[in-house]
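Letters A, B, C and D name the chains as they come in the text, with residue numbers starting at 1 for each one.
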Amino acid sequence: MSAPPLSSTASAAAPSGKRPIGDVILSVQNISLRFGGVRALTNISFDVRQHEVLAIIGPNGAGKSSMLNVINGFYHPQEGKVFHKGKERLKMKPHDAARAGIARTFQNIALFKGMSALDNIMTGRNTMMKSSLLDQMLYWGRAQKEEIAHREFCERIIDFLEIEAIRKTPVGRLPYGLQKRVELGRALAAQPEILLLDEPMAGMNVEEKEDMCRFILDVNDEFGTTMVLIEHDMGVVMDISDRVVVLDYGRKLADGTPHEVRSNPDVIAAYLGGH
Amino acid sequence: MRLSKFTKASVYTMVAAALTVGVLAGGEARAEDGQYVPGMVYRTGPYAPGGIPWADGYADYFTLLNERDGGIGGVKILYDECDSAYNNDKGVECYEKMKGQGPTGASAFQPLSTGISYAILDRVRADKIPLITSGLGRADASVGSVFPYVFTLPVTYWAGADAIVQYIGQQEKGALKGKKIALVYHDSAYGKEPIKTLEALAAKEGFELSLFPVPHPGLEQKATWLKIGRQLRPDYVIMWGWGVMNATALKEAAAVGFPMDHFIGVWWSGSEVDMNAAGAVAKGFKAAQFILPGNSFGVYKDLKTKVFDAGKAKGEAAEHGTVIYNRGLGAALLTAEGIKVAQDKFGKKPLTGEQIQWGVEHINLSPERLEQIGFSGMINPVKLSCNDHEGGGSVIITQWDGKEWQPASDWIMPRREGFLRPMYEESAMAYAKEKGITPRDCSKE
Amino acid sequence: MFYREAGQFKASYAADQQIFPIRQDRIAYYTLLAVAFAAVPMVANEYWMATILIPFLVMSIASLGLNILTGYAGQLSLGTGGFMATGAFAAYKLSTWDIGATFGLAEPMHLHMVFVFLGAGVITAAVGVLFGMPSLRIKGFYLAVATLAAQFFLLWLFNKVPWFTNYSTSGVISAPPRELFPGVVITGPMAHPVTKYLFLLSLVVLLALGAKNIMRCHLGRAWMAIRDMDIAAEIIGIRPMRTKLAAFALSSFYCGIAGAAWAFLYTGSVEPLAFSIEVSFKVLFMIIIGGLGSIMGSFLGAAFITLLPVLLTNGPRLLGLNIPVDIISHLEFMIFGALIIFFLIVEPHGLARLWQIAKEKLRLWPFPY
Amino acid sequence: MDFLYNILVAPFAMIGAAPSFFVEVLIGGLLSGVMYSLVALGFVLIFKASGVFNFAQGAMVLFAALFFAGFMDKGIPWYGALPLTVLVMLVLAMGIERVVLRPLVNQPHIILFMATIGVSYFLDGLGQTIWGSEMRVLNIGIPQNPINMGPIQVNAFDIVAAVVAGSLVAALALFFQYTRIGRALRAVADDHQAALSVGIPLKTIWAIVWTVAGVVGLVAGVMWGAKLGVQFSLAMVALKALPVLILGGFTSIPGAIVGGLIIGAGEKVAEVFWADAIGGGIEDWFAYMLALAFLLFRPQGLFGDKIIERV
């Protein structure tokens, strides 16, 4: 098993600092998605660059979650193309996307309620486990080695997210904020290149939000993970994102740095106008 | 709250556990002295309507013996029931539970289910307990040298099939060649039994046989009867049915206008219960019987005074005299007679299964003996021997007149010599070979 | 007082990931094994062996199998009876296969019973995968009803195709006499119940251990993920097809062995009707009452459902009541039904959860906090 | 080769040679399908209103029929026995709502489904404890004889059954359309929360819908009981209704009818013309296979609501 590419003592070591934003890693072009007669997305294009934090904002029903679902292959748009690392991605199943390095969290927590926090995080590494059915039944040699190696990795994530005390607790019993953290941990366990976060801070109080922001930025810094996140709290968005895409009624209104977006007249009219 | 719930639960658990251990440990205690007779019956499940009258008849006969004679030869009968629900697994459990009870173990088993008799066939040999499959079970078990502990008296299904074909032959004045006969059967070990005989007869007599399996439980037979009644249009239909299948078949046969007097069932298709369920359409239907219905036979006189009027009958008065109740009586007679014959040899005391095996094997229900015990006219004479466990019983065809069964033929003797018997032998020897059994030498006994 | 884990520290992940991390549990487990292997054969009489312990062990395998599929992987199945029948008939074909004749040897030769059981399991696993295919598109109740197709079709097949019964006229198969070791008969009427029991017990221990091990590895986690939220599982990279089919395969493997054991070690002879839909329901009840998604629960449920009828028949008699058998059978139905509702209301996680709660209380006893 | 011929050629040759027989089989199949629909209707009603897959519907059919036949055996005429049995079903429905459904509200559907399996066992036992396992003859004077219409022969009983089923569906439609309770039921079926928020008492609704399902079960029980006699086997007719249900969709009353017709006709035609090739007696599984094959193309059944998955 290859050594994980993160510093092993995440919380102790000094942050390695923000990595420079690189080339385009994912590009969506002219995406249109319909459910029956309802148009969820219309002709949307934007790029995601390596190591950046990209926020997608927009009012409710703007098509933000649908956009994430298109990126990770859960929805298949009627028109448009998705390019991943320069190659056109044909019809892809969500689990293929996961194996290609795209992980995500969900707006309504989608943890596995019957399992402990540790097991939830371990499922994030399932794609990397190779031991056979028989190996596992015997729990001998290979299967055991593999389990322990991955356990070590997951323990590092647990340390990093500061959830040591609850690792054996069934997630159904955890409070909301911790559940969000476990979900982030599960996504991180897959060591994704691109992490899609669907409202990671919804329903949190200020303190919890601050924790979550810190985790997101730390992950971005240390793992160099590219982030695409949906968020409603404009303050948070302006603070942590490198770039912002604004959607409204399934159309793209603007695309640029937080500063550019803030001063875009269309955005102000359609979205921020009320403020 | 949680704690109190838990406390309660744990108290319940402990009480339950204590009860379990107590009940399981003490469940087999039975101190009484006497001859233990197990009643493996079914009073529940989909086949209960047929199982209940049989079980009542079986039980009432032993009640009669205890009340009238103080048992058999002065040894009290300890009769006990276990409900198999016509389910093979439950049957095996009943068998295992009952085989060791009483002072000397179980006398003889009569499971009233071909499936269960198959399931315990090997076990009775190992445990040395007779298994009487009267008018049911495995036909080749008539070969006593291979199946010492299994008895098929007075008739097997193969004998029944032969008798029915003989009857059809009589109706057609011997000209069976080119006739079309259909068999509608319960798609199980039971229903499949006659196929081999009928195929052999078809080859021998030149009639054309068509098979129509009906899956358990037999609720749906429309397609079967459309095929029979509207397409094949056979001259006769023979039925091997049980339970709800019988009444359904009669109704569907009526629905396609098949003439009832050309429709002949085996004895398990010929009971009052099914005819009543089918209603008016059943009139004219025929069934083979090896025991006749009616309550005018000698044994009923004592039954009435000692059992029915004394309020000791198991079931309702309406079932007395019905054919399945009488079959229960007849079955009980076979067990009782086996015990009696064994007592004559081994002494008047509780006997083991092995001793009773000898008794059953030497049953000789002569006309005189039948008269003496009040079964004359209800059942035909049988006599067993070491190698012949069927005993030469005969079959009679009866017809439903809308109210009761009326004899429609004389007693018919199945063609055993030269036809059935070689088939039995061949099949039994194959079984012996498969199981590695060395047949005993009956010429020496 | 005795049940304390304080002071037991784990220095490695291996120690933390073992099946019984608490020492007392380990001791209890080994004691139980010793009792089951050594004491029970000495104490139990034949009735106990033949009609309580052996069916209990067989049904434990079946409920382990169904628990893998329904309790862990969340795929409701009513086809257990059909899969058990497959195992029974596969075992019959394998055990009566004369290898000697096939390969032109002079002496007849037969597969060893261990391979017969394994083979029956593997064949059933393949059949299970076949009937598991629809689960990729169908979910929940629709799937439950679809598995009934397997139940009815398989029984029909074994009833209808004479090859499966070696052309027996009655459609009944019976276990041929075979030896486990030279001189030790394991099947057929001459096999001693204790031999059967010990063989079966070893099988059960191995299979239960295998199931437990899988549940702490990645496949087990993938199943539970599919069960808890199938869409999320797919999005984090679990392949639904492979995972569900693996569940069907392993579950059917267990059910197949259970079916073979039922026919060969318990009844000795069966016809397809012995594996009717009633059996499917019975196994389902076992895992509900025992606990969905619990290895321990499979055993508790099997014990409960096997013992309850025995208890109901023997109980009133012991108390001197002579209740007619039909009333007892009806009561059995009612009590079954009532208990299922009771357990679902009080504890949807079954006896296994009650056991767990009991242990948690015991850790603290006699101090409530 | 023979096998392929028997499957691909022979049946059609048979149909071609005797088309009137084919029509007869088809009609017979459609009419027996109606009998399945009768049982399936009860399932649909409960699933629609409470989202519960009521496995106990078969047991309710037996239970209702046992009481009806039992009352009639006690000398009560049918017009007395009928309301009495309806009363029993009402008490039963209230009991189930109170003892089973209410404590399990908000549990996953699968748990409720399993609870109804428990109910089914309980009812089978209770009904037989009260009335015994003997067969009860239910003679309500429906003719059994064949009727000839030109070359085609149909069974009078089947026609009566079809008429009864038709009237039952019509009555249900009127009930849902024109009564206050019926409209409330439809509201609940559409949206539990919305129904609650406008003040429809869910408990009452559930008790009513289970009663209605009980009455539908009674009608099915009387029809099947008249056909087979009232006995334990009646509970098994539920197994014939399940494929109808998956075919028609769990939530659609027309689905139950159309599904019943398709299953009935399909299995009869298959049994008569195709079964010979593969050994006969295929009705048991054919219906399930038909429904299963169908499901693979339309996972929600013929008339079921389309499933849209969301995250």
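General observations
As a working rule, a residue touches a chain if its C-beta (ideal position, glycine included) is under 8 Å from a C-beta of that chain, and two chains touch if they have at least 3 such contacts.
Here's who's who by UniProt: A = Amino acid/amide ABC transporter ATP-binding protein 1, HAAT family; C = Amino acid/amide ABC transporter membrane protein 2, HAAT family; D = Amino acid/amide ABC transporter membrane protein 1, HAAT family.
Since the structure is predicted, the reported quantities are computational estimates derived from the model, not experimental observations.
Any chain touching subunit A that also touches subunit D appears here: C.
The most distant chain from subunit B is A, comparing centres defined as mean Cα coordinates.
Per-chain CA centroids place subunit A at a distance of 72 Å from subunit B.
The distance from the centre of subunit B to the centre of subunit C, each centre being the mean of the chain's C-alpha atoms, comes to 34 Å.
Distance between chain centres (mean CA atoms), subunit A to subunit C: 41 Å. Shared contact sites, meaning residues of subunit D that touch two or more other chains, fall at 128, 133, 279-281, 284, 311.
In subunit C, the residues that touch at least two other chains are 156, 159-160, 231-232, 235, 326, 330.
Within subunit A, contacts with two or more other chains are made by residues 74, 106, 110.
Within the complex formed with subunit C, the subunit D residues making contact are 53, 99-100, 103-104, 107, 109-111, 113-115, 117-126, 128-129, 132-133, 239, 242-243, 245-246, 250, 278-282, 284-285, 288-289, 291-292, 295-296, 299, 301, 309, 311. The part of subunit B that touches subunit C in the complex is made up of residues 3, 6, 9-10, 13, 19-20, 22-24, 26-29, 41, 43-45, 48, 52, 81-83, 85, 87-89, 92-93, 96-97, 100, 114-115, 118-119, 121-123, 125-126, 138, 187-189, 192-193, 195-196, 213, 215-216, 427, 434-436.
Across the interface of their complex, subunit B is touched by residues 18, 21, 24-25, 28-29, 32, 128, 133-135, 137, 139, 144-146, 153, 155, 157-158, 227-229, 231-233, 236-237, 240, 267-268, 271-272, 275, 279-281, 283-284 of subunit D.
Partner subunit B is touched in their complex by these residues of subunit C: 46-48, 50-52, 55, 156, 159-160, 169-172, 174, 176-177, 188-190, 266-271, 273-274, 276, 278, 307, 309-311, 313-315, 317-318, 324-326, 328-330, 346, 354, 357-358, 361, 368. Within the complex formed with subunit C, the residues of subunit A that make contact are 72, 74, 93-95, 97-99, 103-104, 106, 110-115, 119, 122-127, 129, 131, 133, 136-139, 143-144, 146-148, 151-152, 155, 186-187, 190.
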